[in-house]
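Every chain is named by a letter (A, B, C, D, E and F) in the order it is written, and numbering of its residues begins at 1.
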Amino acid sequence: MSKLRIAVIGCGSIAKYRHIPEYAGNPNVELVAFCDPVLERAESFAAIYGARAYQDYKKLLEEVKPDAVSVCTPNSLHAPVSIAAANAGAHVLVEKPMAASETEGLAMIEAAKSNKVVLMVGHNQRLMPPHVKAKEILDSGRLGRVLTFRTSFGHPGPEGWSVDGRESWFFRKEEAIMGAMGDLGVHKADLIRYLLNDEVAQVAAFIGTLDKPGADVDDNAVCTLRMRSGVIGSLVASWTYYKGEDNSTVFWCENGVMKIGAQDGDQVIVELRNGTEERYKVGAISTNDKQESSGVIDAFVQAVVTGERPIIPGEEGLSSLRVILAAFESQATGRIVTL
Amino acid sequence: MSKLRIAVIGCGSIAKYRHIPEYAGNPNVELVAFCDPVLERAESFAAIYGARAYQDYKKLLEEVKPDAVSVCTPNSLHAPVSIAAANAGAHVLVEKPMAASETEGLAMIEAAKSNKVVLMVGHNQRLMPPHVKAKEILDSGRLGRVLTFRTSFGHPGPEGWSVDGRESWFFRKEEAIMGAMGDLGVHKADLIRYLLNDEVAQVAAFIGTLDKPGADVDDNAVCTLRMRSGVIGSLVASWTYYKGEDNSTVFWCENGVMKIGAQDGDQVIVELRNGTEERYKVGAISTNDKQESSGVIDAFVQAVVTGERPIIPGEEGLSSLRVILAAFESQATGRIVTL
Amino acid sequence: MSKLRIAVIGCGSIAKYRHIPEYAGNPNVELVAFCDPVLERAESFAAIYGARAYQDYKKLLEEVKPDAVSVCTPNSLHAPVSIAAANAGAHVLVEKPMAASETEGLAMIEAAKSNKVVLMVGHNQRLMPPHVKAKEILDSGRLGRVLTFRTSFGHPGPEGWSVDGRESWFFRKEEAIMGAMGDLGVHKADLIRYLLNDEVAQVAAFIGTLDKPGADVDDNAVCTLRMRSGVIGSLVASWTYYKGEDNSTVFWCENGVMKIGAQDGDQVIVELRNGTEERYKVGAISTNDKQESSGVIDAFVQAVVTGERPIIPGEEGLSSLRVILAAFESQATGRIVTL
Amino acid sequence: MSKLRIAVIGCGSIAKYRHIPEYAGNPNVELVAFCDPVLERAESFAAIYGARAYQDYKKLLEEVKPDAVSVCTPNSLHAPVSIAAANAGAHVLVEKPMAASETEGLAMIEAAKSNKVVLMVGHNQRLMPPHVKAKEILDSGRLGRVLTFRTSFGHPGPEGWSVDGRESWFFRKEEAIMGAMGDLGVHKADLIRYLLNDEVAQVAAFIGTLDKPGADVDDNAVCTLRMRSGVIGSLVASWTYYKGEDNSTVFWCENGVMKIGAQDGDQVIVELRNGTEERYKVGAISTNDKQESSGVIDAFVQAVVTGERPIIPGEEGLSSLRVILAAFESQATGRIVTL
Amino acid sequence: MSKLRIAVIGCGSIAKYRHIPEYAGNPNVELVAFCDPVLERAESFAAIYGARAYQDYKKLLEEVKPDAVSVCTPNSLHAPVSIAAANAGAHVLVEKPMAASETEGLAMIEAAKSNKVVLMVGHNQRLMPPHVKAKEILDSGRLGRVLTFRTSFGHPGPEGWSVDGRESWFFRKEEAIMGAMGDLGVHKADLIRYLLNDEVAQVAAFIGTLDKPGADVDDNAVCTLRMRSGVIGSLVASWTYYKGEDNSTVFWCENGVMKIGAQDGDQVIVELRNGTEERYKVGAISTNDKQESSGVIDAFVQAVVTGERPIIPGEEGLSSLRVILAAFESQATGRIVTL
Amino acid sequence: MSKLRIAVIGCGSIAKYRHIPEYAGNPNVELVAFCDPVLERAESFAAIYGARAYQDYKKLLEEVKPDAVSVCTPNSLHAPVSIAAANAGAHVLVEKPMAASETEGLAMIEAAKSNKVVLMVGHNQRLMPPHVKAKEILDSGRLGRVLTFRTSFGHPGPEGWSVDGRESWFFRKEEAIMGAMGDLGVHKADLIRYLLNDEVAQVAAFIGTLDKPGADVDDNAVCTLRMRSGVIGSLVASWTYYKGEDNSTVFWCENGVMKIGAQDGDQVIVELRNGTEERYKVGAISTNDKQESSGVIDAFVQAVVTGERPIIPGEEGLSSLRVILAAFESQATGRIVTL
């Protein structure tokens, strides 16, 4: 089989630290083109991988005709770039949040369908080993019915991650559309939907820009969710956890509690009413040599190669996006929003 | 000075483990009467303290004319008993939630005012040493402005505490009015108001009876709060934390984070952006011989004796109650409620 | 259903700490008779439970006609008492080792079969929560094929446990038949057979009386086992672990290692080659109110009541006994013994 | 004094990580020649040390006439190379196991004796600081008589160590003669003999190739040993401890227990019946700048320079080898073998 | 042999918790008389042991003619009671400090000598297992020469120990002569002399009453010592370590450091320059059933019974006392005092 | 504002690791000249910073006319160089001990005053975060009055720090004037004065050269101090803490104890009599990117730039020096010295 020819559109940190090295480590692909408005960024990767560099993604699509693309642009471009790529016949892996609106999301799904290409969304939290283990435990039934939960994702903000630091597009509403909710909240909405195998029924949210200087997007959100099954819980996203960073989820259930990422040293802890305690360190995170791997790229390539449905298809990305959009609506209207 | 003559109305667990022994340990008071619908309960305490026993609190008030009363009845009786006591000229210490409605609460305050008696509410969380320490730290300013918070109070339910076990009034709406929110949520609403020195501006809440068999009151509530200052956070109350009990509060602030009751071993932890870590074990909880003391009774007696304003006056109890009532309104109306 | 009428024959420590209190806690039985050569022992239990006391077990069987008996005598009497009980129509729970020889063991099984009574052997290690968990893990297949193991049971000797201290029958060959191997080794032989779901194929053993003053039975045994599947391992029994007590079992497998009872704090530890670590505290041991329960008595009663096959029938006890007898043969002949 | 002229024959990992750097660090020697069938290996060391490189050890001996040689070849060559070296007048340090058979071992000792050269065997476990400390403790008498022991040496196999990885001679019977027993078991046999100052009297063993793909030598062995003094114990060697690596030895004694390498953090632990606990971290392993030193090379050089008897002379190596050979005989014959 | 007839003079805490129970546990003695100015104290012990009770020690000596006495009086009476006892032919065990002055001490030694009775001083620190272990380690030579040390003994004051609490004679100069220095400092002076096998050459001290209300004796002393060998160090005694209690000694030596009682969990820690660490828990303190035993009484009885020199004879007690007296002289004169 | 022109006189370790990099990191200064008797040292720094190199400090002062100098010479030159610099109009930061005698110290202060330049002494211990925190805690009053203290500074000696190793001037009396006392003791004298906000009233000391080969200065000192307030304590300096290094200070107070640097993991620990425990990790030491910063240079530059009084002016350095000089006098005269 010939190798998949891959283009990466947008060469910021997520491309640099996840997409590009993971494609480079996958034996089924070759990196053939890079695109970034800062041409030097694209060129530096092109030089490493013997690929071509572009400033204009349309030109890239036209000239290179890649088999597949990763869309790593600011959020506002996720939809237009993905649609253009699909229309150019390329399979699409788009970063989260997949789109800026439901309309965009639907259009992306439609474009993929009509062009018969894969559309997958980069919700890597589903593939993190502690979450894989948590899913396995919930599915085993030993915790019984979930009753209530808490999920949080907070860090000091994207300025420490973005290649542009404090000047990052993450802080500009025009490009980012949303702030902490798009960066972090949508991850946790997706994770809760996935772990509970359930859909969000209602959302109430308080969202605001409480502290981040120069940002015109949200830096904090506190939401309550009610799932269709009746489970209730809180979902928090924050760019102002300057200390006390948190990427934890706790489920209180009929038979006990499961804590994910909530205590140092053990990634998943189960405490049952019968007194049993289970503690898991899930090795793949820190001990093997694919430490940098999110698993998302391999999963995307596999879907393209095998023709199987991708593990996080556009529809899933859209359902998770809807939760976040409902939260913004709740904040805007002062109402609890029913999905 | 002659001793204050105290009557305790309602002889369940809160009377048994907190009010009665703490009055007994206070040199300024004598216990003169006990009242409970189960007369034997009242009699057993009366026998110990050389006091009188009643089934009917009105008769008690009339015959004994106590200087002060503790109201430890089911929630539905807090207001009528308190008002009767005030009208009988007795100072009143009423358990939380102080009343079943705002109207009742206002009537209680009015009754106390017109009879020139003290009305204090048993929000003992303010006096717990970790919360005293947390208040001191927040007031010191070293954490800077609070941005967001999380506060939770969950345990396996009152059946393990109440003298009536699974038959407890806690589970019956007629007497309890509310469930976990009245038992636990109102504590945390009061605590947040107190620690932040701020009032709740808006509440959104999902409240339900998710698991507790035989209960017709709420066993779980997940709320989001916006304070007048703009701080946002979550407040959770649960009677179904069968494992993973939690009475924690975390504040993320401009300069760092403060965690209260969030990790074993240290009751208050402060982590500052400048790298400083402070860890506090606050001794009074476990090391001195007043281990059982909530501090509430002593504070009430002091207010009566000195004529000073009580540390948790009726008005404060009412403000905290309003938060809970607003949460119920949010659940009922599907709206975010503005106070 | 009327209650099962139970007699306990032999009133030493195993009767006192396990059989009698566990029968007393089982709602389906009543204790009707006790027997011991030291009549006072039998009488003291009889007084507590309103039962009859005997010195002669035959007279007991004849006069009381119990529905079921526990045989808690010295080892040499396990077979004759069990057979007499079966012939008297009583179901039999016999302590381990079930017999002094294969011939005896076969006769016991035959007696139970011909009298249509249950014969169960008290191999309680199978029911200990860490072993239940270990069985579940091995059966899950995630460790892959077991390759090699180590199992040990060592303590300072029965003088600290037996009601007769240093004068205990445990040290006298005529009554005990075997020492540490009968007391401890047979437990681990049974456990290995059970956990591996495999039979011992070959045994080599060095057995001796190395240190225990006044004993004419073995106080130490070091054995190597080869299972039918080809797994090899060591089995150790000792009464001279004066410090460094040990009741641990470790399995090295294709995919990692499982350690049972090998480290303080966690009863079962799984370390997989993929980096995952699982640590289990299995609650029933220390946290619930049936702390003293071996589970054996309840399982025996259930088999009698339901007519189901007991979880450790005589045939299983005999297979485990054969391993020990083979070890003695190896020691005696200087040969590796094939079962 | 002029420096000893050293040749290293066999340039695999043991030469690379131990012999060569330790010779290089010893002021009394100069490295003058290297030999390996893969000439490049020999040449690369020769280049570093200004020495000569050979493919043929006989030519080396003839041309270079070294004062002393290290024999780091596959096991099958230990004897012929050592004898040739001795006959060429060179002192010999040979890796373990010293030979492939007793006959070879005796011939090596005879060759050394007749040529008046030193013959030492690389049993470095004797010189490891925890074992030095353990020896000192046993010799102090405070543990009393040793009663029983357990010694194990297991790791995931030599493929992670050998310069040839999975293609290593370690897995080929023709060159290796033995597998885990020659690599690891002979170390522990030597250690037990040394620490107990006693000889093995009887051996029973189960040895097999349970899992290592492509190996035609043993990858697991479980042995029981009886020492002349009557002490019994188990000795285990494994190349399939993929997790749960183990190089531990435990001695249960009259007065308590000594654990070597059995718990993280403390290398030697003594627990006495009188309640005393001693815990040792023995510094030389990890804290000083000779971290890589086994001590064996320095000891060999000292013996050559001073004319003193080497600390592990050929006779000692042979006695330890005999234990392993007896284990193989036990496996082959199904008998307990008496030495 | 007939039993030694023992009288205890002074029935305060040291008699109650150490002398009396340890005599009671010694098979070679019988307690025949007790004396205390508070007659009830003497009578209560007399009732327990079938002995006689006295208020006047002279009468006791005359009427009872004990074989041996323990002198547990306030410090000011140590000498007169001991001398009277010796003159009455009784062997004497006197608490520390043995006397109030050198003259008294010499007179006691002379009285014992002329009456041919044993005179022993209760310096129990020498017999504490950590100090026994420390002595063994120093004597082994592995630390090399001691260079400098620090020894401290501080607690919150004797009011928590004395039967008279804050009214104790410990605080009255007339009876106590000295405060913390007599209670604690003399212990550490004795210990340093003993462990170093050396004598104090020079003392400088600052001694004062810094905080203890109502005391007219010293509550704190900070001394520097120079030993004859040249070792220098500090010795501290305090009754105002309200928190941070300390009974530690640290020796810095040529080859490393030894810490006694300086860290939780391990009583003696040795850290050598070669990287070795040794950690000792010395069992007898907390694990055996003679937990309350200081060992002093048994040692005294043994000396009397065997006629051997007592392990802490009067001369030793006097040498240790001289150090304390020199410290007071230094404080009084503002000079460094040479002994 | 133009940058301060800085010269560093003396280019040993303190210049290399503290002064030079901290000046280099301060935006208000430029390094213009370096001086060292070993010219290469000066030249190597001059090359890095584009500065000039000198062997003769007088020539440097004359030719370069720096705005400020750091005096990092051996102790004997502190005064002459500082005075020359002041006379040349340069502000002076001098290492500790500031001078070799009181006369020198006074002359330095006078020179600074008459030339209107800043004179600051490098007592960096005051600026270490744990000491800053300790000062804040003592000043808060929650520990009450300090009663007694212990402060120690011991390490294995300057040979491991000095650029000249065992040949360092630190060991030569002519240049160093004092040994451990000048290197370490003066730090702790300054710290105690600072933390207690008190002056030393009396000193007694034993000082000697106990072990350091080739040193003709003190390697150990044990001192007792009495402060004007009556607080007493010990001060220890040592160059022979080969293991057991110590830079700790403990204050026992009316209300509890404060331990600085006394336990691993927490830099400041407060234990109060009311049971409260506070534990501080003070981040700046190890977690931020100014890890190497003592803070002294920045403070000096700030004083020069702003004209404010430096935080450790010459007068403070002199007061701390007087304590050390008094200790030497005590050693020399055998008297307790009153300051």
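Observations on the model:
Quick note on the criterion: contacts are C-beta pairs under 8 Å (C-beta built on N, C-alpha and C of every residue); 3 or more make two chains touch, one makes a residue touch a chain.
Owing to the predicted nature of the structure, the values given are computational and were not obtained by experimental measurement.
Looking for a copy of the C-D interface in B-F, A-C or E-F, one arrives at E-F, which has over half of the same contact pairs by residue number.
When the CA atoms of chain A are superposed on those of chain C, the rotation angle is 180 degrees to the nearest 5. For the self-contact between chain B and chain F, the two sides draw on mostly identical residue numbers; the shared fraction is above half.
Spacing of chain A relative to chain B, judged by their CA centroids, is 42 angstrom. If you average the CA atoms of chain D and of chain F, the two centres end up 54 Å from each other.
Inter-chain spacing, taken between the CA centroids of chain D and chain E, is 55 Å.
Of all residues in chain F, those that touch two or more other chains are 272. Taken together, the touching pairs link the chains into one ring where each has two partners. One ring covers every chain here, and the order obtained by setting off from chain D toward chain E is D, E, F, B, A, C. On chain B, the positions that touch chain A within their shared complex are 145, 147-148, 150, 152, 154, 202, 204-206, 208, 210-211, 220-226, 230-234, 236, 238, 240-244, 250, 252-257, 259, 271-273, 330, 334-336, 338. Taken in their complex, chain D has these residues touching chain E: 129, 133, 266, 272, 274-288.
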